Amino acid sequence: MIWILDITLLLFLVVCAIAAISIKDLLSAVIILSAYSLIMAIVWVEMQSVDVGFTEAAVGAGITTVLFIATLARTEGRSED
Amino acid sequence: MTGFDLITDHLPVLTVVIPLMAGFLTPIVGWIDRKLCWYWVMLTMFAVLLMTSSNLYTVITSGTIHYHLGGWTPPIGIEYVIDLLNGFVCLIIAFIGLMVGIYSIESIKKELPNKIIPFYSIFLLLITGLMGMTITGDIFNFYVFLEISSLTAYALIAMGDRGDGVVASFNYLIMGTVAASFILLGIGYLYAVTGSLNIADMQGLLPSIYDNKVVLAALAFFMVGFSIKVGLFPLHAWLPDAYTHAPSAASALIAGLMTKVGAYAMIRFMFSVFTPEFVIDMTRMAEILTWAAALAIVVGSVLAIAQSDIKRMLAYSSISQIGYILLGVGLANVIGMQGGLLHILNHSLMKCALFLVAGAIFYRTGIRNLHQFQGLGKKMPVTTTVFLIAALSMIGVPGTVGFTSKWYLALGSINAGQWIFVIVILVSSLLNIVYFWRVFDNIWFGHPHEVEHIKRDEAPLSMLIPMVLLAVLCIFFGLFAYYPLHYVLEPLSNALLGIGVLP
Amino acid sequence: MAIETVHSITPALAVLVSMVASVLILAFGKYPNIREGWTFVAAFIKFSLVISMLPLILEGKVITYTVIEMLPNLPIAFKVDAFGILFAITSSFLWIFVSSYSIGYMRTLKEHAQTRYYFCFAIALSSAIGIAFSANLVTLFLFYELLTISTYPLVAHTETSEAISSGRKYLTYLMISGISLLFSILVVYHYTGTTEFSFSGIAGLETLPRTTLYILFITFMVGCAKAAFMPLHAWLPAAMVAPTPVSALLHAVAVVKAGVFTAIRVILYVFGIDLMEISGLWLYMAYFVSITIILASIFAMTQDNLKKRLAYSTVSQLSYVVLGAVLITQHGITGGMLHIPYHGFMKITLFMCAGALIVTAKKENISDMNGIARQMPITMLAFTVGALGMIGMPPAGGYITKWYLLLGAAELDNMILIGVLLISAVLNAAYFFPVIYVAFFKKPDKELTYKEAPLTMLVPLTLTAIISIIIGIWPDAPGMFLDIVNIAVANVTGGGI
Amino acid sequence: MKIIALIAVILAGGMLIYAGQDLPAFGDPESPAYQHPIIEHYITHAETESGVGNIVTALLANYRGYDTLGEVTVIFTAGMTVILLLRRREI
Amino acid sequence: MSGIQESIVIRTVVRIMVPFIQIFALYVIMHGASGPGGGFQGGVIFGAGIILYAMIYGHKEGKQRMSDKLNRILSSSGVAIFAVTGISCLVFGGMFLQYGVVPLLPDNPAVVSRLLIDVVEIGIGITVLAVMISLFFDVSPPETDEEELPASEEAGQ
Amino acid sequence: MSGIIEIIFAEFNYWIYVTLMMIGFYAMIAKKNLIKKVIGANIFQTAIFLFYISLAEVKGGTAPILLHGHDGADAAHKAVSEVIYVNPLPHVLILTAIVVAVSTTAVALALIIKIYEEYGSLEEDVILAYRRQLQPEFSEHARQKQEGEQ
């Protein structure tokens, strides 16, 4: 039944992606992007690519998010679209 | 075994690794003394120039060089392949890099006094990226170096005019990311259907599966990606701002090299990854390219006329000149191809010279609006003469490099039966005259009462030397186009089109 | 007829002399006397170099020199034949006079930017000689473009907005025509694989489809817009804003002469007599230039500005040259070719006179010139000589060329062309005689105080007037223009003299 | 802008779907990418040639080590760029 | 972030955790040869440790652990380690990055290769951690007490 | 039942990556907020990474880490014959590509900070309007110079 998990995760990815680009509050968008990366990492680990999943978790969900949040702290948190 | 022998075997990789090492050691050199940075760059660039010349010489005399990185035979490991095409482009990169390097000492001191160390570090990394892109025989390795060159280009542009430079750089970054992603996707497609990343291996595997839709999609993505990278007309939006607002030295470097290497990559992918019959006959991609290029030639020239900032004018002119290169490539006959390839060299020389002149004028006077150029001919005679030569060459006056490539392109168009492109080329020459003549008028026909009190105030020697050298080469290769054509471009065009084989 | 070929660097040197001079002129820009000294030195050296080649040419030989092989099968090369040396002698000889005259003119008017002026002048002369000696179309195109570029600063010399807009007009016309010429060269190269001139036309062109050939001919003639054929003549009157020596250069020495020279090269040495005849192009072209001859003369009559009148006169006279060439009979071609030097001497005399009037009397309009001959008799006498030549009356040389042209037209039994020649002679008289009449016989409106122009101007114009007479009286003296023309005609017609 | 974007996106998407028809099936061991002899080489020789058990590491640092050098350079460049853009002091 | 910075619990937890994070990072780097992980992931984790420290204790404290100068040297030397490894292979007569030719253990190129792969991974790790930290310091908002120049004075050259 | 699902599943990854790419691409072009553009770029790139990783998948394969520890070459061959490993090459490529992506993101964010300092906004149209006001033909330097001369 692992494919159900897979499909759920993949669908969740799409949901996260749409949410990340359409939400007006940028901090939320960035957090959602972080979740997106994390799910992506899980999907990849599920697909037997452990190293890439590991990296994506550390980079996509970790450093990238930190950089985004730091940027938001120096600029503004809301978007008009 | 002497040290020299040790080096000669490894020149292909050293041409990339030496600027790379030098690039990340620059911060340490600059930490000792920031004045050393320039000498460091000069030393590196000079070494690179020697190495690329030697590479090209070896290729001409004894054929294509293969270098297996890590000692792994090609499909397993990464391979460097230097044939006439990339040997030629590498030499251009090294030469233009050296020229801009010499020029940069004064201009950077004035424009970016606080950022000398990162500038030079990034300068060398840009050279690394371009070299790596050019020299590699592995498409994923190509992607990695493409990203190095892109990131460094973003950085160089962002160093320019406050605000404007940063916005230009950001737009370029977004467009560049789209382009790079498309290219990455194309690489993935090709990998999916062939299982290889090596260009030669791939060219062997692809013909049996040309009817596969994935291959066509890969070609489409590559073409779009590279079109963005070279600034082909409908996808050029990032280019004018980026060229305009970068620091003078960076404009010259980027205008002289980035798009040319993009064009090289396009040629490489069209004719070495895919085969000529696929690009020319099966998908008619070459023909589509010629029409896009013809459009770019005309639109670029027309837009250039509307500009009053000299760097922006030159940027639009670049858009049109890129059209020439791609027109020649797309014509896909030997003569047109030679014209297009020759224009890679020619346009690097001319455009680099023009941007250096624009930078020198800005350095001395702070003026970039060409309506304020009155009397500059008296003030900076050498600089403006260089401008004259390079601009005449752009126009395509015989005896300059511009003429030879236009001649070949026009002949190639006639050979292909496309008379309309001949007219496009000739009309764009006229348009070139229009926008350059405004500058000449302002430079040499300043109103007398203004001219009288202008004193001679030439740019410093370190700026003049590269400019003059480029102008001299503009004329040299105009008169002796025989050398590049006979030794490099003719066999190369035959080989690319599958008519002859490289030695 | 086998033609002996001699290799010699002399033609290249002749071209190079004024290039070198231009650099020296630039270097000595601060010292006017030395600067103008270089101009003279270069003019004399150039003339003697050109003359030194004459004996070989008169022996029926051809001098060649290949500078470099620019592209495969596309060398920059010189070839001196009789027709080339005819133009070269004319322009290099006249340069001496124009130089002297320029010095007087420019210094009297205290013009600005004289260094640039002499610099460009020297380059323009180089280009003219280069055009004369070109061995192929590409070399010719190179110098043709160089001539356009180097004369632009001369036309726009005064830098007033009028001058600059005229300069732009000049440039626009000539650049467009240059592009057209380039296109034609490309086509020739594409179909024949060579661009080298040949006495019987470039082999291979006759295989072209007729339509292509006609289009090619048209683009070539558009390319010769320097010759100021009628729809493409507008730049020439506009360029009259330039200083008078420049007008002299444009009209008599270099630019328009280069245009007709190129036209004849194209007609006789690219297409060749046979092809012109077979394709019937000669007749169309003859009618076409006839229109120019007549219309330009009529325009000339309506001009009050003397220089503009002379300009239209040039438009009309140049078409004689082309008319002669397209008559493709021995006499017609002789007349046409001979008109190049003859018109040069006569027109330069006229322009120098007009310039002298501007410098001393400050007068440009014919209606202001009442009685001017009383103050400036020598100038106006010279003017009269030139004008008579233009009309085609002895003693000045013009009658000889007209005679040959008439003979050519008569040989063809073409009444229209004969009529055109006769009518145009009448029209020429109609616009030149009023000037002479006004100058000599009308009473001045008020007391005139000025005298003759300075000697540097007066001497050259007198000399050219005298030469105009000499070539009219002894046209067939050995080594004179008629000799050279006969050889050139023999070359292209393939027959004896 | 939105319209252009939509057109571009639809074009790109169309191309992707078009290509998708001929892509090897997901997880297919017969796919060309997996059948290429280099994969066999990597799997069987990673241990003997590189001395590491993780094939990805063997590829990363050995067979395609040069890519990794490029990758590190990219990181270095990014660091340099950010320093260049955001440091206020003289650097 | 000031609220977090003053929480004693978090400060203490971070102080205890950071060394462990760094040890874990070193493990990841070294373990890359036989399991998931490698220089890149380890470097990021190591960097994350210091970033975490700097977030909680402030930039000043963070920079005491990783000064700009050290950062610059580390980021250059990481790549240098990699490139020098490659070039040393040239010196011993191999191709660039041909680890097997380096005569550390003449009989066993696989082990030499393994050793050099570790060296290279460490090089990658050093560069990555240095760059990640410097990225964080530069991108995050400057703290008021260490800001040297206001934005407006910097322009104008 | 499971057969149909298998078919859907067989192509499912491809569908997802196409969708994600289109979402990311759209955000990069159409969104006016600069941060949103960068988010879009991230989604776009990860979608491509997903495509690569999907390529690497082999049914029933395990992670490309040899399963035997360090027992030497013979054991390795044995292990290979028994176990199917997934394709390791795309993984390596994507490791590199992830690093490239994060570098690009970092540079983009640094540029965004600079832009915000300069224009006080992250909306593209606001920035554009602001730049139009400033008359881009005249650079700062030229204007100062002109004023100095007058």
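Order of writing sets the labels: A, B, C, D, E and F. Residues in every chain begin at 1.
As a working rule, a residue touches a chain if its C-beta (ideal position, glycine included) is under 8 Å from a C-beta of that chain, and two chains touch if they have at least 3 such contacts.
Remember, it's a predicted structure, so these values are computed and weren't measured experimentally.
Visitor: Count the C-beta contact pairs for A-F and for E-F, then tell me which is higher.
Guide: The greater number of contacts lies at A-F.
Visitor: Farthest chain from chain A, going by mean C-alpha coordinates, please.
Guide: When every chain centre is compared against chain A, the largest gap points to C.
Visitor: What is the chain whose Cα centre is as far as it gets from that of chain D?
Guide: Between chain D and the rest, the longest centre separation is with C.
Visitor: Roughly how far is chain B from chain E, centre to centre by C-alpha average, rounded to an integer in Å?
Guide: 35
Visitor: I'd like to verify one number: the distance from the centre of chain B to the centre of chain D, where each centre is the average of its C-alpha atoms, in whole angstrom.
Guide: 26
Visitor: Quick check: how many Å separate the C-alpha centres of chain B and chain F?
Guide: 26
Visitor: Please list all residues of chain A that touch 2 or more other chains.
Guide: Touching at least two other chains: 49-51, 55, 59, 63, 67, 70-71, 74.
Visitor: At least two partner chains per residue is the criterion; list those residues in chain F.
Guide: Within chain F, the residues that touch at least two other chains are 9, 12-13, 21, 25-26, 29, 32, 54-57, 61, 63-65, 69-70, 89-91, 93, 95-96, 99-100, 102-104, 106-107, 109-114, 140.
Visitor: By residue number and range, which residues of chain E touch two or more other chains?
Guide: 34-36, 38, 40, 75-76, 79, 83, 86, 96-97, 99-100, 135, 138-139, 151, 155
Visitor: For chain D, which residues count as touching chain B in their complex?
Guide: Against chain B, chain D makes touches at 15-16, 18-19, 21-24, 31-39, 41-42, 62-67, 69-71, 73-74, 76-78, 80-81, 83-85, 89-91.
Visitor: Which stretch or stretches of chain D touch chain E in the complex?
Guide: 47-54, 56-58, 60-62, 65-66, 68-69, 71-73, 75-76, 78-79, 82-83, 85-89
Visitor: In their shared complex, at which residues does chain F touch chain E?
Guide: Within the complex, chain F touches chain E at residues 63, 65, 69-70, 95, 99, 106, 109-110, 113, 117, 140.
Visitor: Okay, in this complex, where on chain C does chain B touch?
Guide: Those in contact with chain B are residues 68-72, 74, 76, 112-113, 116, 138, 141-142, 145-146, 149, 153, 156, 159, 164, 168, 171, 175-176, 179, 182-183, 186-187, 189-190.
Visitor: Inside the complex, what are the residues of chain D that reach chain F?
Guide: 1-2, 4-6, 8-9, 12-13, 16-17, 20, 23-29, 31, 33-34, 38-39, 42-44, 46-48, 53-56, 59-60, 64, 67-68, 70-71, 74-75, 77-79, 81-82, 85-86
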